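For clarity, chains are labelled A, B, C, D, E and F in written order, and residue numbers in each chain start from 1.
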């Protein structure tokens, strides 16, 4: 790989994962960073589908079934087994990647929310068919069984002239997400922000949920409005595309990530707790922000490189140190 | 029944219904009005459970399993086959009654809303056991197969000293309903206001839904906020406990009712349409109101007495007469 | 029908029913009595399958798929649409007949009882193939849409030479029923005596259950051993093949029948109550008896002939008249 | 851990297990023994829920949601992720522990047994809320991913002042188990003794069943009454709380355990076989005993310490050595 | 209706039906014939969806969601509650109409046939949006509860400018049906020709199936190739678009119809039987024909006008009269 | 094992596998070859059931429940936990073996194919009970947890005198398979050739499918008749019993095997492609052949011995080398 810079494959960085690639359950979480388009190189993941969450820079996904251009604020999914190249139409890119080994992402069954809430089918966009009639040596990198394998082709694998069906790459603009929340009091479960879900065989317990915290109104009366303190059966991997996440007054930056594993207690930092406990509760617009979670039913095991990374935040739990005891004697 | 006034049984007035009592599907909608407690008289419905929606006056439901006091703003359910008397602790009463022949009312599966939204299990209250040791002649009226049958007993049938189980009368205060709605844009389906549902064998198509329109915030941006114009597979029987319903600028009073049958087009009246189309969209609190719907998957057939009632509103569709044509030529 | 006596068709007597023949739900309950074989006459029921419960005399079911001989203590089922004749190999016959319009009878899912309890597959017997090569005028009577229709054939319709499949008549000897019950204390629901069930679309709520009360041991400690007083969502049609039913000290004879409709309170007669309340609780063998129930989820409507029959017992509820009040003051 | 003696954590001894902690399936079987309360130490299991089966001594489970006192004959469950301390109100304790990684234990769907058999909901007891306002250094030990992790707190984690919901510790007295069994002939599957089940995604094939053999009547006629010889798809881990197990005439003591793994043939010992084959079959009360099984759908792998334990019984299969050949020539 | 001729509404002729309009089950079968477009008149069916099977002449379905042109060989469905007018772009029309009160028609779950057989999703065509900006008096006829109701509008109801969703009219060309059948021996069930199904709550038992007999190859070896003699739980209403149906050597003409009700024995006519029994079995192309069935799980009740129609074929069963006895003595 | 030659156990050769023996999912694929009967040796597999596909020589399966004789063209299944010996009634044998750890093989739900297609229940044959009264030392080899264990018995374990139930060995003659396929155009998915399936918890995604390519007619018009080029979510292990497989013009011999793992592109060899593209499409009988597939939802991992076998075909992909580019310029 003598060319200057790093393409999408070069820049992949695996953070955590769970489940089992060989029996197709669980997910892996990767970060990607690239400053060079994949030229004469193609990628295909036989282990899982790939959910792209761009944080910096627009990516061009040139797939067997046609191209998709995906900017921060948008997300995209490439199904298992579809060949593609990542191109950089406007400079370096960085983002989050959820590799889903389980059931394909789909819209959640919305229950009483009905047909006009959360993400809607019509806002998911598939590519128009396109192909490369390219007769020269290229490399196809395949992820299979957890390993990367390379093969030399004498032509581009993006040689599909037309297609029909619904096993296709797609993209979605989170600005189209109709956010639902309390319009009375109390704080619902963040599952109400689910964009896509990879269901497991147990209803209500997802292999993976993709959940966003987009701009929205807060109007809860008599309510502590930030996320509450809780333990969750789901493991929560959180990232930030831009802006400020409302449970962290400071210290959570775009491109950063946190992991609250299954049954690990967590909640707002001390400053957020103090501010929210004292706030007057007028309608408030949370704006200019996009945080998200990859949630999964099982513990996520961080990789060694993630645990040993110099940029890992060692004192993460300091944000709760200044929380004080709140017991009061009964009169 | 020589005593002055009318008790609960005397004052029942059947408005509409669907399904089949003998094979236990569908519902009937009744109005009740009484100015006298049931004394030495008891009622039991072998055809269906009874959902009480008081509109005026508090009712005392003295049931085999204990007493429940239910005021306007609260609702109560007496299961099929449970004997009870309706008492008037504070004067005349009036209200709506849904007789549910199908599956017992239950909480809807809430999907992504999760465990902290809409009605919560803990807010449904069962009675404490109580009994009458009364040895005198009483009358027990039973609804069975669509008819009323009377039997003379020499003792009160409310002679249950204790009980366990979950086949019990219960009540619910709608003030405990955590209202969920859009906190971004657009107008969700009113199914999002479901308190209780009697499911059918088809997921998503209820035998009956009990839906409320309680106080709540409206914050939808770029949105026509009243209910939209629509045809519905569900038949919508609507009533009003107090206040003003937000799709009817005038003409819908507490104690009144409307029926928009399956696949009948309807929507806001012309005045509401005009006002909402021109409104500036700041956060707005809808307050001091409680409307509700009994929705059902099949057409509801009004009774003859309802169709011929002198108080029936003959010009109901006049509210849409002044809507004007909105086609505009393309430039 | 000039021949002396009555064959099976002549002697059918419909007692009660529910559901709807045209949409195939519910059951009808008939009594049969015959003193003559069907000769040159055949029957076929296109509306439902027929469950025979002989009470007096052995019947020979000569079906398209072969013959079955069924004596009191045994039961048999002829599927919908299978032609057959009822023969009397040993004199006059009498019995109960459940015409099942709903899902075909099958074994109940036995849950924790596992694979060795109640009725077992291997004890249900199908006929060996047999045919009639008979070229003469015969009559085929078909029940279709609730009516009987007759057609003249010039040959026997029992002309099936061989068959394979599982849509077949079968018989079962209730002596093979492995009776399960309490071996500690308390009195289980009689559903524990289910031989066959016609399930509805709702698990746990049968279109029809065939339930028997055969010889068995009673060993419950600290227990009122007869059936308790109850109201039941199921309607209970009860008959008696021989012996004495243990909730009725007297007045219930073989060939008799009782109907406790849905949500109708009932229980042991006063004499049984008194005796069981005072009994010393040693192990006791209930022997020499076979009662049964056809249970169904909906109310059963008796026929006019049944309601007006001179042999109907008008004072049936007298058995409870002498029950006395049991309230006692707390010390 | 300088204090004399061993608390609950010190005395845990893992015997066998199956499934996978990380993907939450299977169980582990432990023995516990302690002679010291946990003081200033707390435990929480993020891998699974814990089913306690005390064999000697009463344990006090001081949980986040309140205390439970559990004596031999009773059992208790602490859900995954709930902090607790084990106290010894009356001296040393010993018992069995099933750590369930799969679906939470629940009552089995009882099928034809109906609503009045086996374990009943009302006999499961939850704790009343209670909390510790304790400001001093404590240790919290967490089982997470199969390892034990310790953290130092400056206050007790049992600081929950009140709670609602149904994710709670509970206890059950096996004396309330309504035992069901044959009251005619034959020997049912021991699944009929199921108290609690952890279902798998396959109906009828449990991740784990908790099955008891409590006092009960045996009245089977014409029947070999002890458990039969069999191979089972379920793996059977058996323990004994007190008394004598009826398939083992000798050699199975309280506190002991046996493992008959999936598809391993087993059955009564030779002495039991001989005695039962010759017994006269009068009603017989099995009394003064409580054996139990943890059954699981997959093979259980014993731990190395269990396989190499000096107290392991090496000649376990000797109990069948004296069984003799029973072929007889046809006359 | 003073204009000369008959439009689609004028020419409707109901033949048979089952189920119940008010509780939405079953179907009705109609014939249509028109020689005039609907001008200033519109139709909407609130009771069920309409499946059009043109037999003569092309119909133009001008619906709220846009126009569809449907020629013989094609079929179309207009959903319940969608307004439309039937136009005659090329002269008089005639055809069959299935009014489906039950679950909407959908593709059958294809099981082992997989994703490339029978009718494929991509061949079902929806209309492009179109609207009428027409300000003049028109009549809208609505079928509701089994009756026709007329309302006067001052504008066309086809005023929908755009739409999204999947509740839409559609058409399908039967020439796209990939016919599957035996390629070895034997004759499969005609369910293998299912184009669309309206499922009931019971898998395998349709409220309605639309089944076609299009051009196809017959290659079964050692096989009687026409439909066999059978009784069917499904009721079979059959029609013919063009050509000859292979179980009727004569007497079944395009535009004709036959009804073999539930459990009614039927099969090939005597001539077909004789010919097929003697035929040499080379590969044979059945060509130039399109027969079809509306199958339904319940008996279909013919209307009085159909039963009394002068064109009804009174001697329909004569086709089997000449079948002869086939018993042969065993040697 | 001093005797000359190799019996069934000696000659087992494991090729590939997936899933997990301990949690019972996935399959293993073995080859067997033996030239000596198992005498005084027995086998039992506690890990999975065994599907035998003989390729050379007839095998005698002497099982606990009786004997089965299985010749090439037939297949047989021995359930998990059933003891048996493989005998060679007519000389050396060779074949394929699928060890199924998951749900037992069963017939696929056939959907629209109905009750008369593919494999039929009546063609599966169970053994008649038989036993060995043999008192001498024998060896029983058990596969348990992926290992082989041997135990010495002093008698034959085939000592079952009689049995009832349906957990039995069985055999099936593939000549009874009613092959279904296109009789119009196009090429269906090979799932249409499914004989037996081991379902997973996900409908449509089998743990294992046993699929055959038996003699059949090809009549597809306007169709490329060989298998198409595809990637498959299922992994395809293919074998050949006799004849020629129609996607491989050469190079695939009886007893050979190919593995196209999940998402690996494959299709006809170049010669087949050329021939089929130019062929005139008359009806054609594919005869004298029996290929088959073991398909599984997960990747199959080849064993080391298989990967390193000298007889492995290293240039397998050469069959596609001569495929040429087919892009053509648009005019």
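As a convention for this text, contacts are C-beta pairs under 8 Å (C-beta built on N, C-alpha and C of every residue); 3 or more make two chains touch, one makes a residue touch a chain.
This structure is a prediction, so every number in the text was calculated from the model and none was measured.
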Topological distance between chain C and chain D, in contact steps: 1
Recurring contact interface, reference C-D, options D-F, B-E or E-F [over half identical by residue number]: E-F
Chain whose average C-alpha position is farthest from chain A's own: C
Degree value of the rotation bringing chain B onto chain F, based on Cα positions, nearest 5: 180
Chain A and chain C, separation of their C-alpha mean positions in angstrom: 61
Chain A and chain B: spacing of chain centres that average the CA atoms, whole Å: 43
Whole-Å separation of chain centres (CA-atom averages), chain A against chain D: 42
For chain A, residues that touch 2 or more chains besides their own: 201
Residue ranges of chain F in contact with chain E within the complex: 108-118, 177-189, 191-192, 194, 214-219, 283
Touch list for chain B against partner chain E, complex: 18-20, 25-26, 201-202, 231, 233, 261-264, 297-299, 301, 325, 327
Chain D - residues contacting chain A, complex: 22-24, 44, 46, 80-81, 103, 133, 135, 144-145, 155, 159, 201
